[in-house]
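In what follows, chain A forms one complex with chain B and a second complex with chain C.
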Partner chain A sequence: MRNKIYPFYFALGTVGVYFIFFVVPGLMGFYYSLTDWNSYSDTITFIGLDNFKTLFSSGENYVSYIINTLNFTASTVILKTAIGLLFALILNEGIKLKGFHRVMIFMPSIVPMLVVGLIFKSILNPATGLLNEALRWMGLDFMAQKWLVDANWAFKSIIGVDTWKGAGYIMIILLAGLQSISRSYYEAAEIDGANSWHKFKYVTLPLLMPALVVTTVLNLLHGLKVFEAVYVLTNGGPGYATDVLYTAIFKEFSMGRYGVGTALSSLLFLFMTIVGYFVIRLMAREEGRDQ
Partner chain B sequence: MKTHTAEHSTLKGSDMMKKSMWLLTVIALVAIIVAGCGGGNTGSGANASSPAGSANSGTGGTGGAKQNITLTYLASQGWIKDAEMQLAKKFEAETGIRIDYQIVPSDQYFNVLKTKLNAGEATDLFGGQSGKSEISLNYNVEKNAVDLSGEEWVKREDPLSIEQLTLNGKVYAQTIWDTGSSFVIAYNKKIFEQHGLTIPKTYEEFKALSQTLLDAGITPLYEPIADGWHHVLWFAEPGPRYDEVTPGLYDDLNANKKKFVDDPTMKLALTQFKEMYDLGFMGDNAFSDTGADSAVKMASGKYAMTLAAQSIVNDIEKADPNVKADQFGYFVIPLADNQIYYINPGGPSKFIYSGSKHIEEAKQYLAYLAQPENLQYMLDNDSTISNLNFPGLKDKYNEEQKKLMATYTKKGTDIQDYVNYVNPQWMDMGKDLVAMLGNAIQPEDMLKSIDKRRADMAVVAKDPAWAK
Partner chain C sequence: MTPKFIQKLARNGIAWLLSLVTFLPLYLIIVNSLKDQMGASSMSIALPKALHWSNYAIVVEQGKLLQSFLNSLLYAVGSTVLGIALAAIAAYIFARNQSRLNRFMYFFVILGIAMPINFVTLTKVMQFTHLINTQLGMVILLAVMSIPFSVFLIYGFVGSVPRELDEAGIVDGCSPLRLFYSIVAPLLTPVIVTVGILNFMGAWNDFVLPLYYLNDSNMWPMTLAVYNFFGRFSVNWNLVSADIVLTTLPVIIIYLLGQKYIISGMTSGSVKG
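Then we have the complex of A and B:
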């Protein structure tokens, strides 16, 4: 009831700005995705769902871009959560130089992706890169790969780099979640004879759920929106092996095929809205159950 | 919500003061920014009004009175030579017209240019590539550029270059470029001599000599595939050969009577290119190699050949002064047994924007650049230029270049400057080629993709040859 303190017209300005800068362009985007808007002609004609047909027709690579995007999203959600959680658990306990380690693991998150990309491009260079040089130095020549230019490895490398960059951020959120769990639960569990695994499974994990849902939503949206990591590391190559939705959208726009580009981004918008809706509902249910 | 209201209720005396201080600061900042922008505007406004005044007072063709005008000029990185900037300074000293260069990184350039043209906010002069499909589809010159047919230099510029800038009988831009200097294979003569090799006349000869080099522990070819555009030259530049084997091919492609996928010579060239890669002629790291390293790699003596602009030999000597430029010779790409020296009569060109307020001054600048003594100055002061596309200039061809011209007397226009809708998909062809080398697609698939993209572009351009 407290929100009744302010009359509704206080929100009008914000709603207006939101409407003009977010809702209107969004609706316009949907309209343009149904037209042949392009940079070669001045007239825009309505062509129905042709652009969407193009996206799913055979002989085009768009379906593989969608699969790549989903693959990236699923892989990074799992990897970042697992690694972030592992680090959070380790750094929550009494470990030496705890603060130092936390900062070091968090550090990659604040470096811009373009910088990270350029650094890793050099590290992963098959001939002169640090990684292959190190492997060869250790006598592990067979493990040296053409990380970013071999079609079998390029996408895995991108996922690896993105995980390296993002895991620290997830760790910080989970760490905050861990610290909000009262010690008394663990003491009670110990009295009941629980071992470490039991404590993790029956105390830590359920109480960490709200934080885990938050990190999953963040990772999910980040994964679906992936662009810079791919753009700077491989630019979709070799060939089209690592192209994702946003690099494809970017390419369509630079080719002047605005209609197809808009259709592709509308599709992604729709997908993200649906996924976002269900995840938030799930989250609300979890919270509801807590109370 | 809770915290929000709490904040409000505690907003008392000192907080109020703080808040109003903040507000004042913000207002001051906004005022400064607005004033700054406004200042800029009035500045350019003053610039804009003064030439109109002086033009009215009749400077006209005399060019005697000094004006106070700034011409803005948008171009891609690498298109403006230092020598041209020097000339622009002289031009300013003589006429008072300043050239303000706005140089954009090459991979973003066309997006920036097209956005500006579409928004009606282009610069007084803008750079663009020549070629009929390029100037009509990409820049829509009939709407966006000024007709330059009446200019004096049009009569002197190489007719082949002018042809690339002409649409419906009107000339829309000026090309000052080294159009005679094609990309050819530069080879290390010392290495060739050591292994008793001579320049190849067929693909089989090229393959044999590359194998000899490889067996001797030398990587035959430095090929910077990572750049995305360079390796496409291997497919596009033997274009005159495709047209030679199948007479009328170029015209039939433009008339949509033939498709890329049906041409056996193109398929052969792609198959051979893939064979070169598979045999290891490009080394183990070609997918990660970049053009920026070409000169250094060639100077190292570990590579015998590279496909490059002829001026690369100067860069090699710069990279290692012990390796002399004259240690390198040239031959043409031998794919599909090509023996034709391709010419690319187009190049980066200068257009005058039709919405410019200073069309006359811009014309004056182009005329200034095209004066014979200024062309010679540019030629003499830039190491990447061997000759320019205007007659009566003293060229800088080295001995090997003269030999190259003498060896390959037959010349032809490359495919992207003659066949429509090829140049705009250059980077896509690069991706296709990499996919082909990586066994993801076959040569036919690549040719099919080219046909498909051409058809897409032709449809949006409302090309009658593609109309059903």
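Then we have the complex of A and C:
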């Protein structure tokens, strides 16, 4: 009966195109990463694990791209969560023009990353940029840095820009989570003699956990896929200091070294699909509980 | 002056400070887009001495912006319509008919929220389907990339549409397809508006797919055009700023008009980066 009213083949077109353009390239990747596929010759030969040997050989920088990607992911997860949570707690009550501030703080998350990157290229300019100008104006000359040029600062700057763009979004999600916590819990805690720290630790944090899980997953997926922030701000420079997986893949692609690019892509695919499997299972279950 | 009052003052002060910090970079671009080349070279927060609206005219002409604007519009509208059509029907079937197969397919599709795209091998698929370097190809790719998240959001909403309506439709002799598009689909309007706005902005802001799959500059969307423009005119920050304003303006306008939908959509599903 159900199959008659809601025939499964109505969904086949959707699943079909999704499979062809999304899943098939991922699966093909595993085969092509075992070949010498490149733009210089038409023949593609099977070369076993040579591409992976290249990736992990000591003479190459690929391992540092993986480390950078993980570093970026961990840093942005922690920074955005900490900043987002801190400001969500401060702004939870007693704010006038709440709607206005919400619109403003959410704004960076809807502006294209490319545009954000270009704007910050100007702000972080060592000589004329607004940040260094402001630091000098405040007499903090020693803090002025060559933000995107100095190898010690470039990656930190990228993390900072991405945090500027993303923290507001995380804050809004956490704020929504905070507002859904009933006041009666806090009143009960007060009667039991709890101070602010106790209230935070025993009421706010546990009840905010679902929202924190969501924001962490969100930041995690975003961080592992980072591309535009790095591409626009430094394009991997200085040298290869700030290259991440997706910028490295793009460079391999531009140079026509498709085999190596695919091998890198497939590592990411395998890792994220496994992580994604557990995350999505959790999401699908949470949803089932709501209904 | 009670401590409560001071606390309230401090909270509001922080709120204003945060709003300022998020707005400052955008403000910077707006004021500098109206300066002359000298004035904009330092990208300061000072207001322009005279308003150089001509920057916009120069940018539109030099950056071939009209073409890029139409391209972006085509990609964003095309992929949004196609993506919603594909996602809505699938989400409806998955939510209404929870057979083992459908539950598996639902899970399989929303796994795409986490799965990264292998851009290198996708080239092969694009070549095989003759979609590489075509505008249709861009529309299809953007639509497909939006499917996992759209299905996830719409699926959650279909559950809130009462089944009794379906039954009434069937009693009146609706065919399965008619049941979907004339009874259920209209009731999905709120979620479809949300998904539509999110996908439109996502497609408008996308930079990576055209970077990989469009060589022809006549097919470039605004984002790629502005990046290329920056490469050519990086000393003229007044022009670059004007170009950035024109690229971002449509997204900001849509955001201001539909901010309720956007914020609720992005926070209720809250899975998209």
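Everything that follows uses one rule, which is that the second predicted complex is superposed on the first by the 259 of 291 C-alpha atoms of A that agree within 3 Å, B and C clash if a C-alpha of one lies under 4 Å from a C-alpha of the other, contacts with A are read in each partner's own complex, and residues count from 1 in each chain.
We take it that a residue touches a chain if its C-beta (ideal position, glycine included) is under 8 Å from a C-beta of that chain, and two chains touch if they have at least 3 such contacts.
Computed from a prediction, not measured in an experiment: that's the story for all the values here.
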Which of chain B and chain C A:L218 touches, first, second, both or neither: second
First, second, both or neither for A:G237, with chain B first and chain C second: first
First (chain B), second (chain C), both or neither touched by A:I5: both
Contacts of A:N125 with chain B and chain C, given as first, second, both or neither: both
Which partner, chain B or chain C, touches more chain A residues: C
Chain B versus chain C as contact partner of A:P210, first or second or both or neither: neither
Touching partner for A:G160 - first (chain B), second (chain C), both, neither: neither
Common interface positions of chain A, toward chain B and toward chain C: 2-3, 5, 125, 253
List of chain A residues in touch with chain C within their complex: 2-8, 10-11, 13-15, 17-18, 20-26, 28-29, 32, 87, 90-91, 93-97, 100-116, 118-120, 122-123, 125, 128-130, 133, 164, 166, 168-169, 172-173, 176, 214-215, 217-218, 221-222, 224-225, 227-228, 232, 249-250, 252-253, 258, 261-262, 265-266, 268-269, 272-273, 275-277, 279-281, 283-284, 287, 290-291
Complex contact set, residues of chain C against chain A: 7-8, 11-12, 14-16, 18-19, 21-26, 28-29, 41-45, 86-87, 89-90, 92-94, 96-97, 99, 101-102, 105-125, 129, 140-141, 143-145, 147-148, 151-152, 155-156, 159, 166, 170, 176-177, 179-180, 201, 204-205, 207-208, 211-212, 223, 226-227, 230, 237, 240, 244, 247-248, 251-252, 255-256, 259, 262-263, 266-267, 270-273
Contacting residues of chain A [partner chain B, same complex]: 2-3, 5, 36, 38-41, 59, 125-127, 146, 148-151, 235-241, 253-257
Touching residues (chain side chain B, partner chain A) in the complex: 1-2, 5, 110-111, 114, 118, 137-138, 226, 228, 284-285, 287-288, 424, 431-432, 434-438, 440-441, 452, 456-457, 460-462
